[in-house]
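So the structure is just underneath, and the comments pick up after that.
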């Protein structure tokens, strides 16, 4: 029995020691005023790392270096963020929301970052959102798609420079109907989690509104990262729909393409891949011609031919050997937005603007990015809207590179709900206030 | 039997230290204690030979019970929510217990895993509960008092610490009670226990419910602390992690799981910060080292002689 | 004649081709001391297993004080006061010798072991010490079972069997693994203790010296059948018994049956 | 299959199995990539797949068994699971370091065989080749276990470790052999699936649970069981996908639970008797 008491006390001793250990490094991470410390959270491991996380990480790295070197084209030519060197702290988004909440707190309270840019998973975004205001930490979501964030409540320190997923699917519906007005049957294959379910739901609703007589023949929900779609493909083949909608991403969309192509899923019908763009360079020879591909915004091949974009594509391709994909574009949008807001807040003074000032300066700004203009219009100026584009895949054997033909650009107001309207209600209500 | 006072001292220290600890650590500790409580349940079950690979079932249940209670029934009182989580899991555990305790070893593990995955599947399919995105909980109140967020977290921390160490005390008492020691006896010789006139099934059922309840309470605490829940809480890797922490901590003493969880959370948090690309590898090696050099778990570092019977 | 303490009616049990119990019918009265003999595989242990509810017979009945206990579980049977020891000591290797006894004591006290109270109460500890001293293994109280020598495990196993209410004690080869000079003292103690608590004893033995000295009645099994039943001298003199059982036993000790 | 073999013999539930699968897939994918960049006879790629699977499995299996498991033998079953989990975590990051996070493709062989049409639905011939391959492998294993001397040794070890050691069977070597074979099977699985998928980090994770389900349904340690289990799982999924896709996610586990509840030792496992 005596041993146990000793053990207990020693145990407590050790935990206290551990705690000290944990606190010490924090003391050493004193905040240098010369730098602007930026936390970046994206997937570095797991299935989302390849298609999203790492391209985003790369783009962030590239942009921040250029920023610190003052090499960015105007209007972003001046060094760093308001002259402060940007120091990037990178965290892996893998591991679940509870872990992300912990890590977010560590970023803000242990590492004392000046702002956090990140989050690809909608679940993580939802979990982090309330913390941003609670910890008064400037936070910018660059990719996650769920419309719920700003539709559910409004925030002071939280911003999303990437438009939410609604527009992907609204535009998708408009696009395929424009190409083929007499569609009879539609089918969907989407991952069995929030993103897939929401995407399919928005698309289905849009189709109902835009073409009431098109009927849904089958809706498949393979589980996330299933990788094997034998059964689903058979189901699709038996139903012979005119259109197949899929929001599969990363390895899944690639696997689906390979298996579907081998079994003729793409023949005699249109397949819409709302998140297909990251795959299109890697699988240039595999994606069947005629597949409709989106990039969750006017990114990548849809991006306008402006100076920023020319710089970005060139620099990125040169450094990483492959052209940037939409996650890369989206994180650049976030960084540039932050820079503008911070400098607007500083109002010419050299020192670091307060978080409050930046948060106050950010809402409603409208700025140029490699993928065109962004307006912080929704969610009281905290949620960006952007144009949306779709195109038809074609592989230019001659040039040996993929292209998207018949690209159509939908203005932001056409595919996004107006301020204060929930996406779903907006679609059901017949897209009231849509300016197309 | 000086463990209980020692635990009490530890609790007082932890609560007293609350204002001094940086907030990120407060949160980390809150989660650690909540999970530690779950692991404690796992350990109690392990002592009776029930190794569950589906403890996330009750972890998730507890969390969702608290979440639903808060969002749909407007219960925001932290203590009530914790009780709710524990209660729901206890009930579920009691019901499922009738089936579960008929199985042993790998079959028990696999069956519990299957059950947990079914819950996971259901949660993912239920759009009303936000599917994989889960949903947020409103900030908790305490007996009608609404603290500001920062203070709120300190209070949740206090609650978690109290719950964890409180249960540790109770369960310490349990493992030295007749039922507790008999549950250990069951681990090695069920038939003899039956031949001594005691029902193996009843004891195991009891132990199972204890484990479920602990998991439920822990789940509710995590839900309140993180302010967000999603189906990952019920995913099999969560269960796996719980079992692993349990083994790494060692089953020798009720304080072991709590301590083990705290250390695990710290290691992971710093692994993620200092080697964002290979943190899994770091943890993997840490585990191997532990298993190799501390077969009896972390606790063997502290307890002098290898435990004989329940006398740790 | 008064109702027997325990009786069986036409017990049958087969394991595949092996007949372990073949129409076993017998009755044992209060205060008898019965030795069961038989070569290995004659069905002695199976008989114990059926009586204590560990095995269910293919057909037949087990009656305890006229009550049918054939389908009862070992636990229920034990609760009725029918307790047994095992051929190979059945203990709790993860517990100390003392805790083994404490567990047995606690289960003997109540069917619903308490959750909150402490197991190691002074009273129980004292009792355990007493038993350990009685078994002359007081020094080994703290040791884990695997650290104990074979013989001491056996003693502990028997001690476990003798806890709580005792009506019928079934010993499965109590002296196997016990040294030649230890076996008689052991049996003396056991018999003394059971006599005090007026419990009826049935024991399986290979050791004919033990059988001759302690059994007041001997039952001989062969191929699951009872081939002889009666006073020790009569049974041990029985030709079949000499051929199938005693002979075999003497062989085991490398002696010739003196004709 | 490999999983159930390893379990059957060594009573180890090998979580690292998923990593073997991933390793097989990666090595196959990169090899095929190289292979097709040079112009060799396309059909050779199938041989290549096999080689990659075997090589990856053999090497990683051997290393893990010798390096990680060997020191741990004799520990509790659950501890062994923990060990393999640690190995799994390490391999996951190792793969990341070796291959990075970008997906790899080996689609050439998949399209190579064209497709067959059954009942108006097209199937990739490759899948059938795969299926028959699996059957053949299964048959070989079964034959190897039950009809060859080595196999009999294995079974002896399964039945009683001590006795077989006493009989002078080199249990340690048999363990290594088994584990390596199991690993090879896992890696082969990965290698031959690679052409149909895009090989990305984390493909191992899901395979594990599915493999668990399969082996548990079939009965851990039973080869035929594994085959049947795989069949059951496949058919159930297909049925679910066609009839009610929304349950597809957990129907497998429902089956698993039911099987366990009514036949804990699995459809083809032998119940273990307790002797007193």
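As written, the chain order gives the labels A, B, C and D, with residue 1 at the start of each chain.
Assume a contact is a pair of C-beta atoms (placed from the backbone, for glycine too) under 8 Å apart; a residue touches a chain by one contact, two chains touch by 3 or more.
Computed from a predicted structure; not experimentally measured.
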Which sets of chains still touch one another once chain C is disregarded? one piece
Interface with most residue-pair contacts lies between A-B
Outermost chain relative to chain A, judged by CA means, is C
Taking the mean of the C-alpha atoms as each chain's centre, how many Å separate chain A from chain B? 35
In whole angstrom, how far does the Cα centroid of chain C sit from the Cα centroid of chain D? 49
State, to the nearest whole Å, the distance from the C-alpha centre of chain A to the C-alpha centre of chain C. 74
Contacts with two or more other chains, residues of chain B listed in rising order: 1, 124-125, 191, 277, 279-280, 311
For chain D, give me the residues that contact two or more of the other chains. 92-93, 96, 205, 246, 249, 276
Sequence positions of chain C contacting 2 or more other chains: 54, 86, 90
The residues of chain D that touch chain A in their complex are 92-93, 96, 100-103, 105, 107, 110-111, 115, 120-124, 126-127, 193, 195-203, 205-206, 237-238, 241-242, 245-246, 248-249
Any idea which chain B residues touch chain C in the complex? 1, 173-174, 176-182, 184-185, 187-189, 191-199, 202-203, 206, 308-311
Touching residues (chain side chain A, partner chain B) in the complex: 1-12, 14-16, 18-19, 21-23, 25-26, 44-45, 90-92, 95-99, 101-103, 105-106, 108-111, 122-123, 126-127, 129-131, 134, 146, 148, 192-195, 197, 223-224
Flag every residue of chain D that touches chain B in the complex, lowest number first. 13, 15, 68, 71-72, 75, 77-79, 82-83, 85-90, 92-94, 96-97, 205, 209, 212-213, 216, 220, 246-247, 249-250, 253-254, 256-257, 260-261, 264-265, 274, 276
Quick check: in the complex, which residue numbers of chain B touch chain A? 1-3, 5-7, 9-10, 13, 21-25, 27-29, 31, 124-125, 127, 130-136, 149-150, 222, 226-230, 232-233, 238, 253, 255-256, 259, 262-263, 265-266, 268-270, 272-273, 276-277, 279-280, 299, 301-305, 311-312
